[in-house]
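For reference, chains read A, B, C and D in written order, and residue numbers begin at 1 within each chain.
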Amino acid sequence: MEKIIQEVLDSNRKYTNYGQVASYIPELKKAKRDDLGICIIDKDNNVYKAGNCDTKFTIQSVSKTIVLAMALMDNEWQYVFSKVGMEPSGDPFNSIMKLETNDTKKPCNPMINAGAIVTTSLIKGSTLEEREERMLKFFRRMARNENIGINYDVYKSEKMTGDRNRAMAYLLKNDGFIDGDVDEVLELYFKQCSIEIDAVDLARIGVNLASYGVDIANGERIISESVSRMVKTFMITCGMYDASGEFAIKVGIPAKSGVGGGIMASVPNKMGIGVYGPALDKKGNSIAGVKVLQDLSQRMNLNIF
Amino acid sequence: MEKIIQEVLDSNRKYTNYGQVASYIPELKKAKRDDLGICIIDKDNNVYKAGNCDTKFTIQSVSKTIVLAMALMDNEWQYVFSKVGMEPSGDPFNSIMKLETNDTKKPCNPMINAGAIVTTSLIKGSTLEEREERMLKFFRRMARNENIGINYDVYKSEKMTGDRNRAMAYLLKNDGFIDGDVDEVLELYFKQCSIEIDAVDLARIGVNLASYGVDIANGERIISESVSRMVKTFMITCGMYDASGEFAIKVGIPAKSGVGGGIMASVPNKMGIGVYGPALDKKGNSIAGVKVLQDLSQRMNLNIF
Amino acid sequence: MEKIIQEVLDSNRKYTNYGQVASYIPELKKAKRDDLGICIIDKDNNVYKAGNCDTKFTIQSVSKTIVLAMALMDNEWQYVFSKVGMEPSGDPFNSIMKLETNDTKKPCNPMINAGAIVTTSLIKGSTLEEREERMLKFFRRMARNENIGINYDVYKSEKMTGDRNRAMAYLLKNDGFIDGDVDEVLELYFKQCSIEIDAVDLARIGVNLASYGVDIANGERIISESVSRMVKTFMITCGMYDASGEFAIKVGIPAKSGVGGGIMASVPNKMGIGVYGPALDKKGNSIAGVKVLQDLSQRMNLNIF
Amino acid sequence: MEKIIQEVLDSNRKYTNYGQVASYIPELKKAKRDDLGICIIDKDNNVYKAGNCDTKFTIQSVSKTIVLAMALMDNEWQYVFSKVGMEPSGDPFNSIMKLETNDTKKPCNPMINAGAIVTTSLIKGSTLEEREERMLKFFRRMARNENIGINYDVYKSEKMTGDRNRAMAYLLKNDGFIDGDVDEVLELYFKQCSIEIDAVDLARIGVNLASYGVDIANGERIISESVSRMVKTFMITCGMYDASGEFAIKVGIPAKSGVGGGIMASVPNKMGIGVYGPALDKKGNSIAGVKVLQDLSQRMNLNIF
């Protein structure tokens, strides 16, 4: 396994030359475009690493999977899905149009921004601080890493440049899909996007989802089997922005990417994979990261279909 | 197994009272709304049946999976996907809008009508007759049933009421996604939709996809492993019209439905399932059929996520 | 003339029974649905009235014409039209979709909410208070009525229920069409919508536009000829929400309606007409008001085409 | 007048260097891009010409105004507007999207292709030949020119490249807005677009509309006053493709352009103007032609607002 992932790393390093590091906020631009890291944790808790597995980066949209899991534990699933849909949208992650053209005006799914803002609003807690604490604690639990925290420079920039998300949130509020205060919901949303992790953390989250919600390290249940399945299902149908369909065809593994350059993949009953490569394609996915997962899928026969 | 499917049949029969039999052409209206049939064929070629497994009905959109497989065998996959996309659309099956609003104008995927018309146009043959013969032969091979043929009354009605599909085909022609003669492509498309099958045929097609393209009955390869995976992937992401995401969440099995009332499901490495129940929900899926598959998935732990 | 407008009032009173008084905020619901008032002021400054010409109501979207005039005086017209388009949209007044689907993302025109928020943002003044004062002063000047002021109950309700406008404003901010602070722009926008006027005020504004910007009462120029023409042009192409085309065909007079029940019409070189009738059709236009203008146009041959 | 139009011609000739001659069919590409012609006919039947007024070109979309007039004479106006709307669309002339997204699926107005195909289908005649003859006769009557005929090379090319219009027509048929045979309707539509005229013909049509439907040369009524007003209204709101709003603001005259390079303008109660300049902007309007009309409007104070 060590050998496979090292070979896959080497043969795909060339792809770090393609695409662009995210630049909509200054902090993200600082990432080194030739970084590439792969971590695999299997269900026997073996950890395999290659490349830049210690590099910290912000979790960004990968957080949508974890917050979805939390929303599904904090609320009846029927309630969650009365506020956010289950369908892939075929539109870019920050699209507003479907909120207007579809019948229900409900955001299509929890993996696009509009839907993710809704799931964030479903996190319980009597104050914003409590919600933030509960969220951070849950991220740490999923990743088995007490050191996980928020990158406040990124957070501040997200907040400053967040007018499009603000627009979405007010529309969602107007149409009854967000109950709380819009500013507070966005505060929490910008924070969840700004949580700093590394490839190992992503692999750990991935394997805990792969093992149907049981912590592979100690056998404790973190989330229910059914929630773990739902999250992986959304990862297949909508996890890779508007390239999700292509990724499912070519790789066939539930995965969620973020513009920080991370991809968290979860192979049911087998393993979690964390990949880091900050240069992105136009849809927001790590170019080298996608190539790495495609190779790993083929070499280890991980395609679930 | 016999017992399970009989119980599932009995407990879900009540759902045949909901929804409506398709009525856009007179022939479809003749279906008996309280019919319900389930057939399972596992990878050891055991056949289990309950209910109306002998009732014939037209395959309709389920044909899109088989024609896609054929197009992928008749052409390089890169060529196929230069003409039709890989992304779920989030729109109804007969939507035209995305053909205009997305960047490429390419139909989103081969499971919506526009994309299916493209894959039909990719079937090889020097004449329309030859293409039709090859197609029928391939359907018969996939279902191991030489008696499969076209219901010409349905075909004629499809043709007569096919102006919306005609509109799509001319738009696709205009934008360079169809090469041949529009009338001929539609002729073949209307015929493929009018092929008559039963629940057993659907289960057989499903199991042959589940076994990665190898005929479970005699070990002969019908389609390549990679094609079989692609087809199942599209079934998960776009197989159940614009309820595909919900079906993936609730059932978690690759499946394709048709307005004739059939659903063909394929559980990788395990079994094929054919279900027949002609009363449909508003999105075009058999109401009882979906319920049956949800129960089977839970009772036999078939969810792939 | 007195006779004509009295007859037109009488014969159209029956239409006050159709449609609904605006109800999205409680204050608007208080309007009496059978009120109907008509005022005409011709270019010789003759004032003709019939019906409820003293009833006060909020100006709502009619304010968009006046604020547009002001924006065009406060800025170079080229600058104004770099921030807001000149094209009718064919969409409802509060549509967001076109902000995403059109090439420039620029709001289509200054008569839909998104475009009107932009023109409001172009009103000059070093503080919000100064902008508000200048605006109120300009409304009073156009209507020759120093008593015109803001209905603060309506204003507060607009502000409370304004999340959709808030969403638009943040999107406009995000795309660079609004420069200032979003909350301040909206504050001013909600206030302009809450200005209280009557049918006489509307007729006065109409006649001053009809006379190409010269105050018909004293010969002083209020706005330039070119600005007066632009405003009337937008009234024809986009003044009656998404029924503007129909109104142009059937009535043929530049007019702008508001959900408060008012319509301000301006017949170039002839007269201004103010109509009040609070029961609205589904598109937001006064049902009786439209009928009154259709009759006046026919009886006095006012169609400009 | 002679002097004015000669000066306007001279000062705007430089604009023939901008834009592109239509090239979607080979015949249109043959036009000489530096041709520029202006003809004005006033209501006293004086004819003023400058530049290339004898050059023949195809009428293209200008035909939509004349066929609309004919449809309104052949049918009750209520029936016509049950099949085609009155609203500007804000979309390109060949857009299909609104046919799907608006409530009624009705084409927005008779000046976009979809709506024009509907009005063509409303021309009466027991055979296609009769409809074609009646149409040609009406064009000749409006232009007072018995020599007007069809350019068959253009017609054949339009027909060959007409798949997008074919797509629209089948969609309209499917949704009940076209009654007859789609191929026949398109045959007539392609022919009406291929009628060959010159700037003088356009000025003549324009002045006959300007005089409310009365032939300025002999006092005979050709179309009713009300039809003439409707046509001019659509020219203002939708006559210049998706630059109609801008043209109304900058020029303020009812006008209809075609990709052949012609613009027919009609100043109510004053004059008709025909302009020819084949180099087009991206929206399909003659660049020099628009500039010429802007200058004429300013110099002769023709703005109707």
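The criterion applied here is as follows: a residue touches a chain if its C-beta (ideal position, glycine included) is under 8 Å from a C-beta of that chain, and two chains touch if they have at least 3 such contacts.
Worth saying up front: this structure is predicted, and the values here are computed from it rather than measured.
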Shared touching partners of chain C and chain D are none
Whole-Å separation of chain centres (CA-atom averages), chain A against chain B | 32
For chain B and chain C, let me know how many angstrom lie between their CA-based centres, rounded off.
-> 54
Where the CA atoms of chain B average out and where those of chain D average out, how many Å apart are those spots?
-> 47
Each of the following residues of chain C touches two or more other chains, namely 101
Category of the chain touch graph - line, ring, star, complete, other | ring
Interface with chain C, chain D side, in the complex: residues 85-91, 98, 102, 108-109, 229-230, 232-234, 236-238, 242-246, 248-249, 252, 254, 268, 303-305
Contact footprint of chain B on chain D as seen in their complex | 95-97, 99-101, 163-164, 166-171, 173-174, 182
